[in-house]
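I've put the structures underneath this note.
Across the two complexes that follow, subunit A remains constant while its partner is subunit B and subsequently subunit C.
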Partner chain A sequence: MAEIRRLPHRLEWRIGEVLETRHATPRTKSLLLDVPGWEGHKAGQHVDVRLTAEDGYQAQRSYSIASAPEEKSVELVVERLDDGEVSPYLTDELRTGDKLELRGPIGGWFAWEARDGGPLFLVAGGSGIAPLMAMIRHRAAAGSDAPCRLLYSSRSLEDTIFAGELDHLASSDGSLEVVHTLTRSQPPGWTGYARRIDDEMLAEVAPSNEQGPLTFVCGPTPLVESVATALVGLGHDAGRIKTERFGPTGG
Partner chain B sequence: MSEGFISRAFQGRRRQTDDRLPPGQYLVEGFPVLSAGPTPRTPLEEWDFSVGGEVDEPKRWTWDEFRALPSEEITRDIHCVTKWSKLGTRWEGVSVDTLLEGVETAAEHVLAFCDGGYTTNLPLEDVTGGRAWIAYSYDGAPLEPEHGGPARLLVPHLYFWKSAKWVRGLRLLNHDEPGFWESLGYHNYGDPWREQRYWGD
Partner chain C sequence: MDEHRLDGNATGGVLGEVFVFETTTAEGACDRCGTVAHVGQQMAYISDIGTVLRCASCDNALIRIVQNPRGYFLDLRGVRYLRFGR
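For the complex of A and B:
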């Protein structure tokens, strides 16, 4: 009997349709796309988006998928970079009914499936929440009871992407904890963290290394670098810390 | 399937038409950092570099021995699969030709291995003939850990994930063995001029 083997196949460019765009924060938008032929993804993966001008000029960038594999549409989170080429188009110009060319899913390392279990420790900075949100949503959709703790650094409450949904999920799930830190401004009466993530905060929030957490860190390079280094310093197994960085040059 | 597709109202602001820029890439001035896990920090007294696998006699250098080898200044453009390119980057390093001098082998493939467990595979002919180095200096200063220091592989004619950070040695092989990203959907060879980003490209 012939052995069935799945050969690597080309990631085809597909045309998605914009179902909806939402202001996630003043600087970021969520794009909900219907992508015919989409073969599904793992939480944590990303796509390449390609824009083509009338004269054939093209620009490509990568964006993380924030939706769970269980959802019908594919959600991307786009932060507007003022001097960027692709992100201002996606946040300012793109509207419901427009078509968007993309291919994916890409990346199988920074990914989590419910069967991978936990405990999960997720650390996000700004729009770095996107792939981690996919994991949190997937965990809920799959009915996983793997303990999950998110430490999420934002500039302010209004810059906190998915704040409402995270609150809602955490309030209805005893094994999901969400810890915010607001680095620039805090609402009146704020009792949470109000500084950049540092060693002391990680020592307080991270699951102990005896619990053997699986850790995913996503955000700007300085945050990712300092968090990963601090966790190794706290005795966490470097082999169970996965990182993804959003460089300042995204565009 | 998306032949002829136009993005409504997209003009394109940057219009970089530099012929040193491979398809789908854009120029950056900074030096973005990408890696899959924490940055390893191996003390230099514990660091070594080895050449092994299908060779008549394995070779090994301590840091001091490695740094005493003849080195070269290298200025090249680099291209990351995440779309950024950086022109005219300046490095110092030891040519892989120097490290393989006198090594007898019938191998046609190389697997570079690194602190942190990262690996990447290359045809032997892509790391010889003045096309690859073990770089220890960037822009006139010791290579920072974030960028792969103390030493990284530098293979500028391929996408930059092939230029493995924190490299500790080369294993010469008779067969091709996909490395870390090559096993996770990224192209086995990775030529930026043919836009070989992912499997099947």
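For the complex of A and C:
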């Protein structure tokens, strides 16, 4: 038997341990988790995180995995929402060595593997970069040469998650292009886009329809829906556009 | 626009508690309009009460799932079938 197939199994809650927390931006933290028995994931998948209060009350949220399947730890990006039930605990209270209840990896639909090829067109709004970062990292780790273009909308440069790593990856890889738009404030001398993603920007940045891009869009629901609608309007095949809406908050 | 609308992908957790197969890549046919699509492509509405998966084409409620101390209540009237890949 050359191939060992895992039997399908129901998704179960398990315990991860926090290896490290990092400030990704002033409003977001990156959590690196060790999950014993982690069977690996596909870039784009998410986990559900569950918190239980002393009185038994439980709150649960979904977070995309930002780490590549090739990495040992599981990285989640958590944006702090002031009125959130879950995110303030994750960003403010959680420390190295703490345990966290989670289940996953979940979702094979919004996922990309190097063998799926490209060209890839990725569109992110804010912390919607997380699952797309997993794809970019996986693409690099797997040595894929599929052309990849990321259009990434952030409020400001300091709110741009993974800015340094994206710069580094793009500068050393001719087939990876990163295009930023900064919607609220721009540093002096900024020559890039400085507005929300709109039809005109997509017409300029998106690969042409003839190239048959495989598109992944992740961010707040309004951004995701306007981008998907605009791309279809530009003639893109709706069946090659995959979306992941965060909803109004994400919690 | 309903900002609470999510992708069917977001139901992968709760459906994964019931089904042993990966659900977001499963294909289902809407019982109202006949459109066949992957669960991950449909629309999801998730609240403390339960989860509803709706057809992205006609908004028909495909799958409803409610969890309470007595167990899982799964209402599949909105789908003619679900096909799970091997």
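Heads up, the rule we're going with is that the second predicted complex is superposed on the first by the 242 of 251 C-alpha atoms of A that agree within 3 Å, B and C clash if a C-alpha of one lies under 4 Å from a C-alpha of the other, contacts with A are read in each partner's own complex, and residues count from 1 in each chain.
Heads up, the rule we're going with is that a contact is a pair of C-beta atoms (placed from the backbone, for glycine too) under 8 Å apart; a residue touches a chain by one contact, two chains touch by 3 or more.
Just so we're clear, the structure is a prediction, and the values are computed from it rather than from any experiment.
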| item | value |
| --- | --- |
| Subunit B versus subunit C as contact partner of A:Asp159, first or second or both or neither | neither |
| Partner chain(s) touched by A:Thr243 [first = subunit B, second = subunit C, both, neither] | both |
| First, second, both or neither for A:Glu225, with subunit B first and subunit C second | both |
| Touching partner for A:Glu79 - first (subunit B), second (subunit C), both, neither | neither |
| Touched partner set for A:Leu51, first subunit B, second subunit C, both or neither | first |
| Touched partner set for A:Trp109, first subunit B, second subunit C, both or neither | both |
| Intersection of the subunit A residues that touch subunit B with those that touch subunit C | 8-11, 48, 60, 62, 106-110, 221, 225, 242-243, 245, 247-248 |
| Subunit A partner contacts - residues on subunit B that touch it in the complex | 1-2, 5-15, 24, 26, 28-30, 32-40, 82-84, 116-117, 146, 180-181, 184-185, 197-201 |
| Subunit C partner contacts - residues on subunit A that touch it in the complex | 7-11, 46, 48, 60, 62, 103-104, 106-110, 220-222, 225, 242-248 |
| Complex contacts: residues of subunit A adjacent to subunit B | 8-15, 48, 50-54, 57-62, 85, 88-89, 93, 98-101, 106-110, 221, 225, 228-229, 231-232, 238-239, 241-243, 245, 247-249, 251 |
| Residue numbers on subunit C that touch subunit A, as the complex places them | 1-10, 12-13, 16-22, 24-25, 38-41 |
